[in-house]
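Next come two complexes built around chain A: one with chain B, the other with chain C.
Entry: the complex of A and B
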């Protein structure tokens, strides 16, 4: 089946008083219908900037190159008019902080209804009816009453559900979720993830889930892209990447996470140093200063993203373990 | 048994809220009847959702917020009614590390001044050279080079700032270190560094730790015992391995089930077991057991009477009418 969203060679650069900062390089991704891809990385890895670029939401000092096609529509470099025709209808996004991404002085009903009136030409009364259905779909309790409330009257979890309702209003082909549960309690995070998983299953929606948490990815994603220093370092089926990582960074990231199902207090295998500043990326492989397996070659020559057997890894010395299930 | 370092008995912290024109303001019961003992050298985790009272409890113990009722016994002395002046000498033994590493460091002070400040206040007799030596020593201990003393906090990453905050707290060799979500604002790879550092410091200096966190996986690594709070009330208190392997309170089970595991073979199934609902308003907590509105096991008796804090075993206590059922 053809991809619903196809990103090719995306690059994002920011011009700053200190020079040009490369935030994203050579980012390519094909999103299949009904598929969820997790984008994982730490601060500055470029995971959010990649998809803000796709949405046309980058800061004014950014320049973008490459291509991102939603079906037949090219998103990059297109004018605002053309973008607005797809944003909020075929392509929707939810953000980390549901308080700052909702408009504080508009009632819930008007925020959900906005895109319905704009894109679908619904009347106010029809939009209200549809907004109520959407609130029920995202399992907002007491939905009727919530319609006329303002964002500050809702809890964090409720606000994120409202954000999801807004995103779903026009039945988008692709939903981009940028750290949708990071600001929430684990219990509420689990509820929101269960809701997203259900929406994906029942509506066949394609989803991009940007997160720093490999546990979140494990629960809902089909594939995972691991980013480091603005580039994809590993990419493949979630099972392959999480159970048999080939990139030393992916493996180190997994090993550094304390697991709730792990007995005992053996020290965690921390990764030394810190994620690189995109202004001062190391030469060669950006991970080499922190990599336990690094050799001279890694400091001089940047590894290409090699595709083999349905997965991709950018490393001169990938970890190969014969996988026996 | 030896006197515990810290003994908390029936501690309540209520905040008056709202401005009823006539009559009394409502009381927000942030902490409502907490008991525990903390032994020297022990790490106790305090966990629960936002609004469960875990940070308020920690701050009340440090006397950063006043307690409403109950006892805080520090090394045999009841300190809950003490004035700030009386408490001040105790502060050298009671130190805290905050969540936001950069915001908790004064941007106008150098790292050297920040780490030396507790010494200036609590050990004014130290000579300049001795103070410098103590600062250099603790900086090395937390994994920073002593060369950083002339630099400012904004020059450091989040993980390094947290190391500076830990150095400031540890420079006096406190008997109790309170950590309020110390790794929550950090990148995943940096969290592990800080958790390991706290583990090392605890082993080497033998201080007690009150570790306030919503991250149950980190708590499992670091703490010997765990206290689970909900709406200011204790739900379960148990040695760590007992709590994680045999949780008796439905809330504890819900919290544990909500933590994602990075294994695609098990995690999708866990999503279906999420605890429903949200924390009710602490201004009008449910009658009886405060957890009953979200509890999958609730029955009429739970609405009528609050459960007592029962002993499952000597070390394991739980506040649930149905803890005997699995």
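Entry: the complex of A and C
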């Protein structure tokens, strides 16, 4: 099956007063139709920057190289017209912070409607009708009244639903969800995730879910990409990665998840040390200073991403487990 | 929005009252009176004059009488321009001053906002630096320097506009004064717009608008510019005050028969009613423009309407 979104060798750099800071390196990913890929990693691992680059939404001081194709359209070229023709229609994104991601002075109906007017050529009345359907689709209560409200009149969960409605307005083939639940409280998080999973299933949409929460990934993703220090360190089917992680970082990440079945006050497992500063990435494997299995080689030679048996890992000493059930 | 507007409008009345009361008593603190100047009048004549104008009454009583007149739209007689009432004097000068001031504010908005927007969109380019350099000059140069300079260049040398003077209905006499008066305001508004637009362009909601694939023009005009104009609108109040005081200078430089001179002459002559009349009119004007700014603010940002 051909990929709907195909990213090759994406690199993102920021020029700052202190020099050039690499944020993402050699990032490649193929997204199949109807598939959901989870992108996990700590803050600063380059998860969000990779996909903001794909959307052409990076800050002005960023430079991007590589290729990202949505169908026939190259997104990383400098053709703003071509990019604007697919953003908001075939390729949509929802963001981390629903409280600040909606324009404060525009009514909900206008914010949902404008991409319909832009990409589908709907009239204002048609766009209003469609906006109402979309609000109902994302399970906003009292949808009719919400249409004419301003963002500040809505709760955080409600605003994220409106963001999802905006993203879904033109039936995108690919939806990028950048930490869509991080800013919401736990019960709302579960509702939004269930909604996203349901929408993805019903519409056969491909989805990229950027998160630092492996639990979220386990719930809806088909594949997982684990990032560290701006690079992919492990990549594979959800079951393989969660049950038999090969990269020590993935394993440490999994071990640091609190478990509901562990009774008592077992201390939370944490990964020692700090996430690396992208300005001063360690030589060799970026994870080696925090890795329990690190050897001399890890400090000198950066491991390549080795692809084998449907999964990939970038480690000199991957953890091998024969059977995982 | 209507309730917000009404609340704002009723808020103006007590403010205006405080302005009137304060200035009424403060003027009287200044030494001397309207009939102390020039030739010394015989005490009996002066007493007669003061009695005729009610100046012999206790101050609180004078104040109440003044307010009573004001409520009926009567600003009282001028003590110095003896054949005129204050209303007549203001009616002579105010239209010219109003036209000058309002045109200057309008021009400042029409030029300042697009300039600031252009500078922000071309941040750190020669266009940006050029606009900002001119803006700094515009703020730094006082109008008693730029005014004569413009009169010299565009009036004397190029002969595009009259150097000075006024004829009713001849708007070309207003061109140079309006430009002179609005230049610092243009500069300030351009700087305000640039700074706040740059900030708004970095917000998450502008990112959302871009993610919708909207053309950049629509992102700016529909999503970014309205919140970016909030500081400009807040500045409208102070801008009005600036234009009012600035018009005193500009009217003098260009020989315009505005009302600004009455404020100065009235204050020097202790022409209490004339000064009070000017204060009431200019105070009311400033409050009205501030009110307008408040209402605009409520329109620009729906969150302001609910407090």
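Rule of thumb we're sticking to: the second predicted complex is superposed on the first by the 324 of 325 C-alpha atoms of A that agree within 3 Å, B and C clash if a C-alpha of one lies under 4 Å from a C-alpha of the other, contacts with A are read in each partner's own complex, and residues count from 1 in each chain.
Here is the rule we use: contacts are C-beta pairs under 8 Å (C-beta built on N, C-alpha and C of every residue); 3 or more make two chains touch, one makes a residue touch a chain.
From a predicted model like this one, the values you see are computed outputs, not experimental measurements.
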Side-by-side fit of chain B and chain C on chain A, or clash: fit
Partner chain in contact with A:93 - chain B first, chain C second, else both or neither: second
Which superposed partner A:243 touches (first chain B, second chain C, both, neither): first
Partner chain in contact with A:267 - chain B first, chain C second, else both or neither: first
Residue contacts with chain A in the superposition, chain B compared against chain C: B
Touching partner for A:257 - first (chain B), second (chain C), both, neither: first
Partner chain(s) touched by A:177 [first = chain B, second = chain C, both, neither]: neither
Partner chain in contact with A:166 - chain B first, chain C second, else both or neither: second
Partner chain(s) touched by A:281 [first = chain B, second = chain C, both, neither]: neither
Which of chain B and chain C A:232 touches, first, second, both or neither: neither
Partner chain(s) touched by A:197 [first = chain B, second = chain C, both, neither]: first
Distance of closest approach, chain C and chain B, by C-alpha atoms in Å: 8
Where chain A meets both chain C and chain B, residue numbers: none
Chain B-facing residues of chain A, complex: 42-43, 141, 155-158, 185-191, 193-194, 197, 212-220, 238-239, 242-243, 252-254, 256-263, 265, 267-272, 274-275, 290
Touching residues (chain side chain B, partner chain A) in the complex: 49-50, 157, 159-160, 187-193, 195-196, 199, 214-218, 220-222, 241, 244-245, 254-268, 270-272, 274-279
Touch list for chain C against partner chain A, complex: 202-205, 207-216, 218, 222-223, 226-227, 300-303
Residue ranges of chain A in contact with chain C within the complex: 55-57, 59, 80, 83-89, 92-93, 95, 97, 100-106, 114-115, 118-119, 150, 152, 163, 166
